[in-house]
Amino acid sequence: MESTTLWIIPALPLAAVALNLMIGDRLGRRGTGWLACGAVGLAFLFALRAVFALAAMPADDRQIVDTVYTWMRVGDFSIDVSFMLDPLSSVMALVVTGVGFLIHVYSVGYMVHDGSFRRFFLYLNLFMFAMLTLVLADNFLLMFVGWEGVGLCSYLLIGFWYERPSAAEAGKKAFVVNRIGDFGFLLGMLFLFSYGGSLNYERLFAAAPAVFALGGVVITTATLLLFLGATGKSAQIPLYTWLPDAMEGPTPVSALIHAATMVTAGVYVVARCHVLFELAPLSLQTVAVIGAATALFAATIGIAQNDIKRVLAYSTVSQLGYMFMALGVGAFTAGIFHLMTHAFFKALLFLGAGSVIHALSDEQDLRKMGGLAKALPWTHGTMLVATIAIAGIPPLAGFFSKDEILHGAFASGNYGIWAAGLIGAGITAFYMFRLYVLAFRGPSRISEHAAHHLHESPRSMIAPLAVLAVLSIVGGWVGPPAVFGVGNAFHDWLAPVFQPVAAHGVADAAHGAADAMAQGAAAGHAAHAVPPATEWLLILASVGVAALGIFLAFRLYLTSPSIATSLRERWAWLHRTLLHKYWIDELYDVVVVRPIHALSQGLWKVFDVKVVDGTVNGVAFTFEGLSAVLRLFQTGFVGTYAFFLALGVAALLLHFLRS
Amino acid sequence: MIPLTWSLAVSAGLFTIGLVGVLVRRNALVIFMSIELMLNAANLVFVAFGQHMNDIEGQVVVFFVMAVAAAEVAVGLAIIVNLFRLRETVFVDEVNLLKG
Amino acid sequence: MMQIWSNPDVQFVVWALVKITVILFTMLGLVSYLIYAERKIAGHIQSRTGPNRVGPLGLLQPIADVLKLFFKEEFIPDEANKVIYHVAPTLAVVPALVTFSVIPFGPQDALRVTDINVGLLLFLAMSSLGVYSITLGGWASNNKYALLGGLRSSAQMISYELAMGLSTVGVLLLAGSLSLVRIVEMQSGPLTLFGVAIPFLQNWFVFFQPVAFVIFVITALAETNRAPFDLPEAEAELVAGFHTEYSSMKFGLFFLGEFMNVIAICAIAVTLFLGGWNGPGPPALGIVWFFLKLAALLFFFIWVRWTFPRLRYDQLMHFGWKVLLPVTLINVVVTAFVMHWGAGR
Amino acid sequence: MIVESLFAAFAAVALCSGLMVILHRNAVTSALFLVLAFCALAGIYLLMGAEFVGMVQIIVYAGAIMVLFLFVIMYLNLKHDVETGVQVAVRRGLGWILGAVLLTEGALLLRRGWFPGPVAAPAVPPPAGNTEAIGEVLFTRYLFPFEVIAMVLLVAMVGVIVVGKGLRPGAGEEER
């Protein structure tokens, strides 16, 4: 049966890691590249096969569980290393392996001149393993292994060029900030375990409605802690600051980890735990508000950034905010849908940006680009597709998912959030087209040196771009709005997973749980309550806002740049604020980093040196004294040892005789 | 039919002889031989109990012991030869490298 | 008096002793005339006539040789380890004699000392003990040529013992028993290959295990230190090898032991591969057939000795470890596979 | 009766030659007495109906292991051991005393008969065809240990070759 072959999906990249470690130095660059890409490609095929097997099953019990072995068993607590494929994880697995494969192929071309080619693919494959473990795990603990694994790989890859101090710093920052989130995540997990009694998804979710009171303190705390973990991994307020710095890593890494896959892990977790979140309306509300705030906030920062990758990074933060927004208002499917389409076009944007940077001999400043459309036709074309897609112009992918999110927000009655999302969409269109215009249109501002080497990227880099461009166009067509009346395949596919809590509820659910059912049902299916006319209006609004943003971008940066300059001068304080990202990094530095640093200094000088070291040294001195005596037995002569051994045997026999 | 006690007595005797050999001799080769003697004493017990309990497994274990003994002797002798090359001696009380 | 004789234990022991005595003296006589045959054949191979002075055709020559050996002065080196020096020659003869106890010379019970169910293992055990006489003899003489000869022989015999043991595994697989009598009984009846009965030939294992037979004979030559594997006593390098310092009847014992070993190993080869006592005619002729086959094989041994030059030592090791051993292993595996799938037989 | 007397004889030979192993100053003589002890043990095994083990005992211990010992002793060209000095004497004294204590304890334990199972002979005699029985068990229930043993032997072989070649710096390159 296919069900037994799930483990092979994460195992393939791991095997590639092992092979790379063992014989990588004999394979050469070409061989290493083939190995890495082949493993991920195969993993994709296996995932595809598993998904087909899943699709062949009846809709209501689409779930494949593959238990590899029992990891640990303590009393009646047992954790299996076991993988689970359901519609939700199938979407994730396909996105991870599919986009991952394309980015691997791209990387072969991108990294070809790098000295640490082999190390790069080692990390990249290790990341694929961890990510697939995260996505396919069927319990929290195994998922946490993947969760930490992707964190580690992210750290390693951000600091890939560790000889650059800024890269090493960025890696450290990402790791530390993530740790804060991980800490929350771990706490949330322990909360769930101590109250829910299991870490297995199925068992825990089945038990949840009975165990946790609706809106109770426990479930709210637990879900908020989980969400803290998600904000860390998915770069939401307040833990988003690491992601823009993470752009120090190689561009394919930014595309794979910091745009398409790892940063969506938080979204995945919240979606996976939707049962729990639906039991905690306060948490859900928090998710929505944080998501909306992040979406708007990061978008505004994106306007003023000049580094092409940083613009994209803030855009990623913003888009992740949209996903959380969707989850928060109960439109889980919309969130996952956006996750998928975003993976396509954001990976494409990053890879395109990488192609531009590659062509310009590692120039990342938008002010030193311009007029690249002719020199880089393929890059330009695909980038344009991605930009339109993210701006939300039909019929490209971004439109469908973003519209569904806004629709979900509106339908659930969260008008404020809807408004924030709408404004954010406009700003998104604006800054994305600002990026596009600055890079590809207008007069060339390229330095002479870079212009000299200007070249279109090799085919191995262009091909993934093309594939992703196609996906960015057609990717959204699986989930058209209800008013189009053609049926929503994506919705149907995920429906069994996102059944409202009622379906999970146990018979003796308390009255609170009954309320939860009603609410959950309302949240999950509120989308259908909006009349068609309103829905058309909503679509029009979002497209209109996007078009306005695009128009402004063209006007300000292409046709009459003088307006942009005068605006910048008139609103200098605002521009400075945006350019410096609201001084959030500086704020964190003053509020968090410095006090902790000072405290640590104090602890080190006083507590560590005196107390800890004193204890350790004291223990060591004690044992040194004791062992000076014992050492007399340690003569180094085999005969002596044998003698004591025989003495022991004699004593043992004496014991037998006496008993 | 040989009484179990007889075999055990012989085995105990052989084992003690081997043990004393390990304790009193300085020549690594003779110590090694004494260890072989002890192993054989153990083998005898296995066979004796196997016969006593009418079970073939005692003999299977002896088979394993012999295989391990062969491996052990090969490695041990190689070490002794190397020791001799380095130190010109096979007397264990002239070698105390085990002292940490 | 009668009571003692009616005790089955006593009967068994006495009967066995009688048989052992008969075999012992037969073998002593056989060895003497084997030496004579060797000298005679060697002579003819080298276009000489060989011994022809003592008795008709020199037939009494062995007796003269033995008498001469008895009366020679016994010489013991000063620095020799006396005990071991004396024990070593005895050790050359004993294992070979023990081997004869399990060889069935004929179908009748009277023509074998005993039939134990690990006869083949006993043979291997005894051949593995054969190393001691040469090694110890060489060492105890306190002579560097002798010591080198002894060390060479121990390395050589250990190396070739493996291939020999493994070459018998094929036969063991076919017969399904370690008892030599059983192995011979399995070889009776007409030869049938692929369902076709082949006239005039019997069901001897040599037809099923030709590779094993060839290897067995080669390793037998090496085990008995016969040319072309007589490195332990290579005259050109080691004077006379391990028995350089031996004289008189002790030298005679080494000589006796060598030829005894040759006869024993040939008898085993006959038993394992050439059908033992099986042959046309009534069972009474069994012993005749056995000795005919034995004689043929002995002739072959002598023939080889006077035909082939000696191997160099590294060639010997190379041949033993890198050719014979892998080939026997493959032979065992192939036999096992064929047996398992029931083809071929 | 024959079996019992033979057992007594073999046991006496084994014990006496065992003693000679540790008493004799010459390593070669020790080794030879050890061979004798092994052969006597093989005889005991035969008496106990363990023919296979008895024969393997001779083939492996007497035919292979002890030859290896002799080989090494001759290779190292050892003379009689010198055993003088106060320290050596003290050690010898302690060793013998300890041995005597152990033997006494063992004898006392044996007299108390602490071992499990019936002391009398079992009703069913052990099976006759003992090689087949061992093979049967060895390749079914003990298959995994058997494979492990094969691995152990392989590792030992590689180890011996590595150790035997010597790790003196530079020597390896020159020889090649």
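Going by the order they are written in, the chains are A, B, C and D; count residues from 1 in each one.
By definition in this document, a residue touches a chain if its C-beta (ideal position, glycine included) is under 8 Å from a C-beta of that chain, and two chains touch if they have at least 3 such contacts.
Just so it is clear, the model here is predicted, and its values are computed rather than measured.
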- request: Enumerate, in label order, the chains that touch chain C and chain D alike.
  value: none
Field: chain C reached from chain A - shortest hop count over touching chains
entry: 2
- prompt: So how far apart, in whole Å, are chain B and chain C when each is placed at the average of its C-alpha atoms?
  reply: 33
Message: Please tell me the distance, in whole Å, between the geometric centres of chain B and chain D computed from their C-alpha atoms.
response: 5
- request: Report the inter-chain centroid distance for chain A and chain D in whole angstrom, where each centroid is the mean of the CA atoms.
  value: 65
Query: For chain A and chain B, what's the span in angstrom between their mean Cα positions?
result: 62
- line: Multi-partner residues in chain C (2 or more other chains touched) are none
Message: If a residue has to touch 2 or more other chains to count, which residues of chain A qualify?
response: 639, 643, 646, 649
Sequence positions of chain D contacting 2 or more other chains: 52, 56, 64, 68, 75, 91, 94-95, 98, 102, 106, 130
- request: Identify every two-chain combination in which the chains touch.
  value: A-B, A-D, B-D, C-D
- prompt: How about chain B: which of its residues touch chain A in the complex?
  reply: 19, 22-23, 26, 31, 92-93, 95-100
- prompt: Contact residues on chain D for chain B in the complex?
  reply: 3-4, 7, 11, 14-15, 18-19, 21-22, 27, 30-31, 34, 37-38, 41, 44-45, 47-50, 52-53, 56-57, 60-61, 64-65, 68-69, 72-73, 75-76, 78, 81, 83, 87-88, 91-92, 94-96, 98-99, 102-103, 106-107, 110, 113, 115, 117, 119, 121-122, 124-127, 130, 133-134, 137-138, 141-142, 145-146, 149, 152-153, 155-157, 159-160, 163-164, 166
- request: Spell out the residues on chain D that touch chain C in their complex, using ranges where they run on.
  value: 1-2, 26, 28-29, 32, 35, 42, 51-52, 54-56, 58-59, 62-64, 67-68, 70-71, 74-75, 128-131
Complex contacts: residues of chain A adjacent to chain B: 634-639, 641-643, 646, 649
Residues of chain A that touch chain D when the two form their complex: 639, 643, 646-647, 649-650, 653-654, 656-657
